[in-house]
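I'd like to ask you about the structure that follows.
By letter and in written order, the chains are A, B, C, D, E and F; residue numbering begins at 1 in each of them.
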């Protein structure tokens, strides 16, 4: 079993707000991240797949197909977007790094063949990142 | 003469649009950066000052004062902001990395004492940055 | 279950010496790290917590509280310190990166509420780091 | 149980080709990586060992010995080499990052004493890396 | 006057040899970089252009055109190539980082319009890079 | 004219204190950097030399000789040292990053032959660095 990780980057904006909370609670929990105009990040995504090494190719996964899936399911949908307004998952969920990692898992996992998704890591900045390994 | 550089980071969102151009021209020049909802970046700012080394302190600039200036003039004004809507310089200027570097120079330069501003560098991403050295 | 990691940095000095060993053994094991004047590093700390995503906030942990704990329990105690002389854990233990990771775990773990500490990673330099996951 | 990771770097060239496949299949699977003149990378290797902290030294592994093993078994054999032509493992195996991680594990693992090899990570570039944890 | 820098990466292999020198001189000057099978690097290229900021676009250079020039003149020609054998400039010149920076300048400079080429920087590794500013 | 830059790293400890100032002034200027036990950094040094490219070697400087000079004049003298106590330049000068860059220039410059020293850059941390270009 070998694990292969590929990085990709996208730029997006977001803000944090829960309509079920009072303005005071929103301010206390989210601080300046609650600015409804939004602010943004250069997100770095690391997708890790695992599997046996194919003896014909020496690869654990077809890198071209993996790249196509990341481009179509993640980058085309999230890059240069305002997450709260333009990405369906975040019409009712707060686009925290945690929820973003889960959403990316759910977008990629059904599309992968042969290789198995192991981990989705999302860096919001070089100093903060989230890992999601699926439900298990 | 010694040059000292200090880095700082801020997150902001922006979009590129020139109201004097046709929609087609805007699309051709700005592509997906023209999305009016905005998208964002983790900007990295490098501010370089130059001067003689003070023999009493061994410093070319008082680092605490430099940090205060960067915080007050730049980070408080730009961090977690939508540049087009919330930063006065960009109400009529497009917030490109070029214009951002110039705006930051103009915010910092009048506040510096003793040391002289040499360069403002702004990274929009690890792969793209702009340098501004003032009018000269 | 989601894992969130936050980085922090501190500068400290240390040296390696075991008084129960002969000078020759100390020299053989520790080499130039045994210089009693000390030398120093910019340490990078990565603290990983795990937990369920809170549906009200979208967070796995209150980042402000996590930051306060890291500041109070780790950075205030270790930053700009000579570890052997000024940090109680190292009055009788050698302040290797291994022991530093364990000490930081023991400082943080009792203070965390709700979220669970998963891993402490300490980089002594970009080329050397240690991970500690607790006793288990 | 503590995990210690040490990085090292080497430069090598390689190309991807499977003589049992048709030229068309080779082209489809390997694209421009199939150029038989070879192309190259600055590989980054991370070797992680695990063990108890030795109370006499505060170390989980003798770093000097670990460095010697990495130099002799890995860097001397792979650095500044054309992997397909000069490294025995790749006379019949394609030198993908996956196979390179496995080969490095097999070179290091029998030489380690006291500490236990936990993981070999190989970065082919900052955007692509492979992890191998042994057969288990 | 504003300076804009864009990074790009390519992987190539090369070796160092001067046929006018004796084998002993080649060995003394080039050491293990003289292995005729070649070894490789992930090169990082930084191209800096300078100019006035265009008031209509806020740009100093059309980034799409700059990217096209870099792709066509540099990356298509050098990426995944054995520099000594496949790149005309190096049929008679040694492909050192110095000569590579000069060759990239000469490939890009005639193609740029409006903006002026200021500097070509080539990193052979994170620890070694070369700058070329043209003949002047 | 081509510029070549080589990086090197060293770990050292230091503290900031001027015996001609009152304790209050020292505290105000130097804050926690004034702790006399010292604290430390992983310093990164970048040395830039300039010259014509030698047509026989393709090099602007003999990299092996440059490395020897850096090792002997800088790393052997500063690495794993307490700068205030063990490096002569700092017996009467405060070992700020500014003074460290000047001291390294003065150590290297007289030893270089053929190539000309252009710049010494010293990073105290990833967020703070100093450049010195000599007296001119």
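Throughout what follows, a contact is a pair of C-beta atoms (placed from the backbone, for glycine too) under 8 Å apart; a residue touches a chain by one contact, two chains touch by 3 or more.
These figures come from a predicted structure and were not determined experimentally.
Asks: If you apply the touch rule, which chains end up adjacent to both chain B and chain E?
Replies: Output, common partners of chain B and chain E: F.
Asks: What's the farthest chain from chain D if centres are computed as the mean of the Cα atoms?
Replies: B
Asks: Return the chain pair with more inter-chain C-beta contacts, choosing between D-E and C-D.
Replies: D-E
Asks: For B-E, which listed pair, C-F, D-E or E-F, repeats its interface with over half of the contact pairs the same?
Replies: So the equivalent interface, with over half the same contact pairs, is E-F.
Asks: How many angstrom between the C-alpha centroids of chain C and chain B?
Replies: Going by mean C-alpha positions, chain B sits 34 Å from chain C.
Asks: If you average the CA atoms of chain A and of chain B, how far apart do the two points sit, in angstrom?
Replies: Here the centre of chain B sits 28 Å away from the centre of chain A.
Asks: Rounded to the nearest whole Å, what is the centre-to-centre distance of chain C and chain E, using the mean of the C-alpha atoms as each centre?
Replies: 42
Asks: Residue numbers in chain C touching 2 or more other chains?
Replies: 126, in rising order.
Asks: What are the touching chain pairs in this one?
Replies: Applying the touch rule to all chain pairs gives A-B, A-C, A-D, B-E, B-F, C-D, C-F, D-E, E-F.
Asks: In their complex, what parts of chain C are in touch with chain A?
Replies: By the definition above, chain C touches chain A via 1-8, 48, 53, 56-60, 62-64.
Asks: Would you mind writing out the residues of chain D in touch with chain A in their complex?
Replies: Listed in rising order, the residues of chain D that touch chain A are 16, 18, 20-21, 29-31, 93-99, 101-102, 126-133.
Asks: So in the complex, the part of chain E that touches chain D is made up of which residues?
Replies: The contact residues of chain E facing chain D are 9, 11-14, 32-33, 35, 37-42, 79-82, 85-86, 125-126.
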